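Next, two complexes with chain A in common: one pairs it with chain B, the other with chain C.
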Partner chain A sequence: MISPEVVNFDPPRFLNQEYTVKRDQILNKVPSEEFGNHFHGITAVLPGEIPEIAEIQDFFLDSIFYRVEKFPVHKLLEPDFLSAFLKKGSLDARTLGTWSDVDQSIIFESGKLHLSVGKDVYQELGLSGHTEITSSRKQTATYRVTIDVRDEKFIPDCKYYKRVFWCLKNQVCLQFDWIMSWQPHDVDICPSSFAAYLDLLGFGVAQCKPMFEERILTQTHIPMLHPETDLLDVIEWVGAAALNITCPKEEDYASSMICPEPSYKSEKVHILKWRGFFPSSQAKQLLGVILRLHPEVTETTQPAWFNLTFHGFDEFRTAPNIWSVFTTTSDACHVFTSQTSRRKIK
Partner chain B sequence: MNTVQGFCDFNIPFRCSPTTTLREVVIRAVKLGYGAIAINTTIEEDVLITTKKKSNKKGDAIEDKKEIPPPPKLNFTQEELDSFKVHGKNVRILHRLTVMLSDPTNTQKLVQSVNTKSYDLIAVCPTTTAAFLHAVANMDVDIITYHPIDTKEVRFNRRQYHQATDRGIFFEIPYAFMLRDSTMRKKIIQISHQYHAVGKSRNIIIGSGAITPMELRVPYDVANLGLLFGLTEGEARSALTLSGRSVALHAVTRKTGKCVSFISETDKLGPEERWKAQEIADAEERLLGKPETKKMKMDSDTVS
Partner chain C sequence: MEKEENSEESEMMIYKPLPVEVRVTLEQHSLLLGPTQSSIKKGEDTFLMSYIQTRTPVIPEELTTQFKKNFPLKIGRPAKENKKTRTRKKVLTSIEKRRLGLHKLPKTGIKYKACAPLHQLWVEYMENFLELENSAKAANKDLLYQRIAKADYHGCLLMVTRSKCPSYIGAKGIIVLETKNTFQIICEDDQLRIIPKRDSVFTFNVSKWTFTLFGSHMNIRPSERAARKFKSKPTIDL
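So, the complex of A and B:
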């Protein structure tokens, strides 16, 4: 056999996808389950004068999420909790501080509980699942178990429920720190009743609010979304703007970042950043607000676009990590997604 | 069943550099994210050679059986053990014995000694081709390792490599030697390429062999180093995680003999496994209709 290849290595593979969606359909398509469901950061880059910017700035002012410590999984499925918070309203929860290569991690979103477990835990767990990530030589590195909590069969009297509850209760290792957010189905119910309930059970609950940061750039060159421009160049410009990197029209000695052509000069660019825990429903609402505030096409205004980028968690590797939406004055919206991991590690 | 989880480094020598202590090395390994480590005691070949009635030649070893040392006791306080937790789970510290072997006939004492059985993992470092062939075909070990200085020349072909692989033996590539000297670096890359050429890099585990904390590397860096050894990315990643788990499992089966079922007393089960005893008791109650107290946990088929 010949010697192994030690010089020419392939760059790490990642999946970038770009496509165009019609404006009225975008809220249906994006965000959806394919795109990952929880985000830890949202960045909005809004060039131009926007009179109603206050609506966007104050969007996440009231949102609260909770950090719960040492919470075992089976407590999520206890009859009281199940009927009060899981079957009604929408709970989004995620385990914190787990290392996806080594530990188990759990996501709860849109009524489904997803467990990502290693081989030993999967064999002892006793619930059926399928392989999520395979390593070389067809060895399974991680298994994925999905339980639909909103299923009609999933009620405390049912055998399926009892089996699931018993299996999860036996695994002592499935105890984590969680980050959770609950939206009630009824306007009268306060979201903090969820935290109060957990506190009553004796778990350490800490209330957290998203961090908000705003910056306004003046007199900057902004690329136009032309049919011939490469969307990746504009994405790069957006990222540079969010990180406070200037992209002038001509190449500078110190840095080769320039504004992609064609471009126009704008008086103002608002850059808004939120850091926290955002379920996809809130992301959808924000996107709706942005679409609504988008200025109408007139002859005098420059062709403007707004950009909203969502940064997802990296743990569940089969969904895109980052997706970015450009809303334009025309009917089309451009969407860009990036996914850094894949199911099979060769 | 106690299996290891996470990244494994099964080669942390007990005799570390005089400038540091073993405790420092272990603490660093845990901080870097290893979930399972093994303290490696290396014995030279002269320990295995049976001396004929002149056992007083070596100063401290009087009886033959005392020459293979028992596993070293590591004194870690409870606070240190708690601080060792990686993401809330305790780090597993195993004990490993490595035998330097050049003559296949010297393995008698290894099998007979009482202290050998108290080690979790047993490894052999064959320094000649004859020793390698013996290790691959006959010896009851878990790991075949490599030492760039002591090994003279080892030649093997695909059939012999697969003999070891089929028995569940893993080939270890230690990386700390590469950090010390360029000649050793060349030799280790040479042997790893030989494993790749002959055996397609099956059953490879990467260990450190670090005698100072500075010679330890983060698991992801070691996985990248595996690319130099001719492993693909997935193989390198699994050389740290899944291979370690397989070696630990093989060690358990080696100690207990080839078995299919595992019997343990219900009183002695750990807290994570108590539910199994309870469930067996409940199942028996349902089947037989009366509570039975049985001390041994067995398959329900064998209950008469």
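So, the complex of A and C:
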């Protein structure tokens, strides 16, 4: 018998969206903080000779994040921890190893704690939340609970705090491996004091640094952002460049990947890749730096562009997974977002 | 003619000028009062008002009371009151019970400490009633389950462990009233909480055993529950 088709899964459903945003509004829009956006990867494709490249290369040199093992949620809300690390500075934390479609996960971001729990846990938890996925034949419901930690009412003496703390402590199953990063509000305080505190409490803390990779391509054809060209083609070219795939001007026998027309020839292209844990605030800073760069001049009237792509985590599929921004000298920035989910995207 | 004369005379009487003494006293009065601050016209008015006020003794309230005097014209029977007097029965009807408020508990009157003896009584009652030493260790626990289903829970220290509504979870207290659809419990902070039975799961402890009650299956009046036969199920959904 010729190999039968045993495994045939449909590709996951995806939703691609493209829109243009004005230059001064782009920092508000991308990336939006309400969807719990932490990024595990940032890729920058910068054609042309850039004098400020050193600044960009060293951007994430100092950033550190920590991996904490078997940390229950209610420890985040203990009075000492709350006053020292949550109310001041900004903490970004996320549970590791949990898939949003299957398990429950927790995100702490911009002062809010988001829990995504299944039906059974929600019915025993005691905190009110909203349905994230409605119950259907194939799936039980998932609920999303949001607690604003920065609220004035959230003090250890207050009834609301006591209720939240009791509920989270009562629920023993909310214990995960976490990935955390803390930015202090004061320059004098070292970010590692956070890790030292956790270590003192007896949790396994591992320090991690983001991975950085850089490549410089020379004499490459780069597509231009013409109004008639499909943005998807340019995105494909950017992705190919990041993955070390060459796209020549003429079609080659071996591969059909070519540089989309119209294009121009550039002397140098910097491709920078970071992999790690990046909160949205840091991502915004990087975007600000890129916005201030001046792109090179091409032969035609169309300006050259810089591209910055953010890769989000798998959780909370209500938000797009991939954000890609093209910045040019003009006022408009092109944004491409992609969202994948096994379920129907509304 | 005489009449006309008389009327003329009376007219003359009315329209004669005032006698001298009176005229003088009026002038003296006006001099005494002196010039008023407002205009001359107003001055005359205030003088007039004060003159009249000193001369008229009647207070308006007295007038109204005088006018209110009743003059009975006819003696008639008063309207008959349609009052339902109680019949000879000794038991209160349910309407009367509802009107008297027997089914409602006051929200702030009851103290938790006052109910603690009730809880003690209940624990003793349950220990006797359930016969835990025999029934809990037996292989077939049907007897135990039947007893639990028929038991009276007034005085039980109950806790809500699972519920479709998150705010009920964690409510803990002594049951003071059980109705068809609710448990009314008194919490430790002396607050009376009414918790619907439907879509909730409760737990309570007796000696060293913990029992779970599924509220959705207990939507029966306690009096009727004692007579009801329950089917036993292997697993129960919420």
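Everything below uses one rule, namely that the second predicted complex is superposed on the first by the 311 of 346 C-alpha atoms of A that agree within 3 Å, B and C clash if a C-alpha of one lies under 4 Å from a C-alpha of the other, contacts with A are read in each partner's own complex, and residues count from 1 in each chain.
In this section, a contact is a pair of C-beta atoms (placed from the backbone, for glycine too) under 8 Å apart; a residue touches a chain by one contact, two chains touch by 3 or more.
All figures in this text were calculated on a predicted structure; none of them were measured in a lab.
A simple residue count on chain A separates chain B from chain C, and the partner touching more is B. By the touch criterion defined above, A:118 lies against chain B but remains apart from chain C after alignment on the C-alpha atoms of chain A.
Contacts of A:98 after superposition on the shared chain: chain B is touched, whereas chain C is not.
Of the two partner chains placed around the shared chain by superposition, chain B is the only one that A:139 touches, whereas chain C remains out of contact. Of the two partner chains placed by the overlay, only chain C lies in contact with A:127; chain B stays clear of it.
In the superposition on chain A, A:170 makes contact with both chain B and chain C. Legend: residue contacts after superposition of the two complexes on their common chain; A:2 is shown touching chain B, with no touch to chain C.
The interface of chain A with chain B overlaps its interface with chain C at residues 170. By the touch criterion given at the top, residues 122-129, 163, 166-167, 170 of chain A touch chain C in their complex. Interface of chain A with chain B (complex): residues 1-6, 9, 97-99, 101-103, 118-120, 135-137, 139, 141, 169-173, 175, 344-346.
Residues 161-164, 166-167, 169-170, 238 of chain C are the ones touching chain A in the complex. Residues 1, 3, 5-7, 33, 35, 86-89, 193, 196-198, 200-202, 227-235, 237-238, 241-242, 245, 271-272, 275 of chain B touch chain A in their complex.
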